[in-house]
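Letters are used for the chains, namely A, B, C and D, taken in the order the chains are written, and counting of residues starts over at 1 for each.
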């Protein structure tokens, strides 16, 4: 059978990322406190394509995934290397997003329940490999302006903290999530009994924060960690008095 | 050219809705206060298909839309009739969803800005025609339990009120939206200056409501309107202390 | 602490479904060929609320989920019973959606890979309990009209077959998925080598089907199964020559 | 009333983009063939925030939008300038996405119907201003490998061509869309009668293209246009024999 993909391409345009995306795949992932957890990922795998080759063999990306047993740093490295080899490419790329669960304990009654965050991995390998780890963590923000000017109460809402980092050493999703939660007005929980609800309501009221405040506090925590070479932070607050969102961003390099 | 769709089907299975969906279409819509407004709709059009015909001529649905100039009750009626005729069907169906804007005035500073709601129309025509009008209106809810048990503040959040009605007379999206807003802890706005923010914060705090409260208050308002033959209400609150939502429903007929 | 939810409500409006939704939860699910598989579900749990009670205790739904170990028919029954009891309700409701993987073997090269379908469960318990099982299975459709009128080729595309059933006995997701795949122009696969690609291309071309054809063929298969008391089928084809979709529906009762 | 946002911030962290997002707004947009068209946009507006100021005044972004009458290059420039001024910022940013309609004529029967594309604008203004214009255009691709190895037919599918450019002169969405359509196996249409369907089926079969081919052909067309200073292209094909997508990218600078 003719191999159309391998034919010579005369247009001489090298391509940057060529591959498959939106593959959904069952995954076993390294977990800091429980050893591992199971999830379902959306995955993109690709390579840079030389100027004189017509196409990539897309099925080989899936064959590489078929060999994945547990997602951890060495497995990531192996996927990237394997793709480079199988597709004779100079650079391979990977992007993954999956729900990841933190087992959180409610602040007063001490009850445990899973909180879903989104985990993100973006990695590539040319001569060396680069791995960016990220989390999207739901938190609670309470508006300092609304609190200051109102006789009672203050508007508050669910917000999302996104942190992406490149680091010299392995970074846990749990580590980034804790920074996100500490920087917000209050963490959020899946299971709260009445004494817990009192606690989080009062904690948030004491701890009013704009998206700008949360973003800065996350940045300052990341600056203190010498192993982090690069980071990007975005905080989005689903404003409860509006039908739109407020947001703020910062990236390493402002110092 | 052979007309494969018109061929006789020997399987003898009549089908219920056969047609096109997720068509996006620019639309001019009747507006209570401004005469009309422009929007972009997602549309589904279909017919019931007889047991002995193989397929529907899908292009004819699009031809019917091509004739639409302004969406109002008579245009709806015409689309349904036209589809029935063109496709020789005993029943035609239509479903539309589109962003619709309410020009709202902020409570203290009196500034005007557009608030986007979602408008929904579900209509069908057999011998008679039936039209269901609906809105999804964003509002603000403040938790009565959190307020009661906490020393300061109370968790609050954006919530969505969905109202669907079948009525003897034409129903305005504005009319349903006002019921939704009156039944919530507070309406929400696109543009609020500081005195407005103080006002809505304090109004919501005075007016604490569970999703159950909002749902019941909407139902009681709809019961008072004799022209409304049927309704369904769902209120969803994007709980700010959780990563999940609370909801409550009611449908005409509980009395 | 005052229990605001339990207070007497004077509005006298009974509510139909009151509870939590969009909870994401890690799940172990019964699997026909492998015993079980792990996934992540979106879950809604609710009860009917009496006319004279103000609110539901939302945290109790989460406590029920905390006890779930493996999702199978008896666990479903237990969740519904447990919710009814804990919330002193006359009727409890559950809705779940989760990615579910079929390990499929490519038709010529015999290579195995996971194909993601969406599994749906809708269940409720009053005096008796009712369970609806559903699947959304991606397949391939090739247009009979385009094939008939064109000199070469025929437009084809990804399509989605949705099947929902209520049955006297336990129904496997695998069983419904096979009916969906047999009724399409061709099944689809995550991993196909070149001889497989030749096979599926030619199979689809021989087996041209409108959405109407797929819908009818699924219905006829379901009619043959005496244990199935009710079903609903919807087939949606992501038309490759348009930017909109074609669809067809059928529900038990047309005979 | 105290102005909390304007207070001095001692953390000394300058922020990169601070503002509002997911505002939905009715819009009148410049149209190449019809003068203008109406649509509904999702908008993000933001500024860079100095290290010593606590927060941004979010309502001012909405006030700027309130003055927008028709979206064209000078209105974009005015929004960016106005935001910079009102918020005393050194840099302002804007991002917009909206459905935009092309009135296309079917290839044989000559019937006109609207095809929805997505229009994207990303602009910022520091000392100078930069504007990136983009389109996401649905097209049809037919697989050269499947055609070559199969006796009859070839798998084909809807695909999406994304083109983003920065140019010395004003770029029309229509211009970019035509490049996308010319580079695919075939354009797609909302309304096609049978002779049109024959035409597009046969055209696509003659014109088999991988995502790699489409990407390269778009890039070569953009390279020929001297006014284009930078571009980025991504083509995604919703593979009809898989449940995942194939994609390829290229960015100016490979020459």
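Simple rule for what comes next: a contact is a pair of C-beta atoms (placed from the backbone, for glycine too) under 8 Å apart; a residue touches a chain by one contact, two chains touch by 3 or more.
Since we're looking at a predicted model, the values are computed, not measured.
Look at the CA centroids: the one farthest from the centroid of chain D belongs to C.
Residues touching across the chain C and chain D pair largely coincide in numbering: over half of the numbers involved belong to both copies.
Centre-to-centre, using mean CA coordinates, chain A is 29 Å away from chain C.
Each chain gets a centre from the mean of its Cα atoms; for chain A and chain B, those two points are 34 Å apart. Once the centre of each chain is set as its mean CA position, chain B and chain C turn out to be 25 Å apart. For chain A, residues that reach two or more other chains under the stated contact definition are 1, 23-24, 116, 145, 149, 190, 192, 194, 198, 243-244. Those residues of chain D that touch chain A in the shared complex are 1-2, 4-5, 9, 11, 13-24, 44, 46, 49, 51, 54-56, 58, 144-145, 148-149, 210-213, 215-217, 219-220, 236, 243-251, 254.
For chain A in complex with chain B, the residues that touch the partner chain are 115-116, 138, 140, 142, 145-147, 149-158, 186, 188-190, 192, 194, 197-198, 200-202, 204-206, 238-244.
Listed in rising order, the residues of chain B touching chain D in the complex are 1, 3, 23-26, 37-40, 59, 62-63, 66, 99, 101, 111-114, 116, 190-195, 198.
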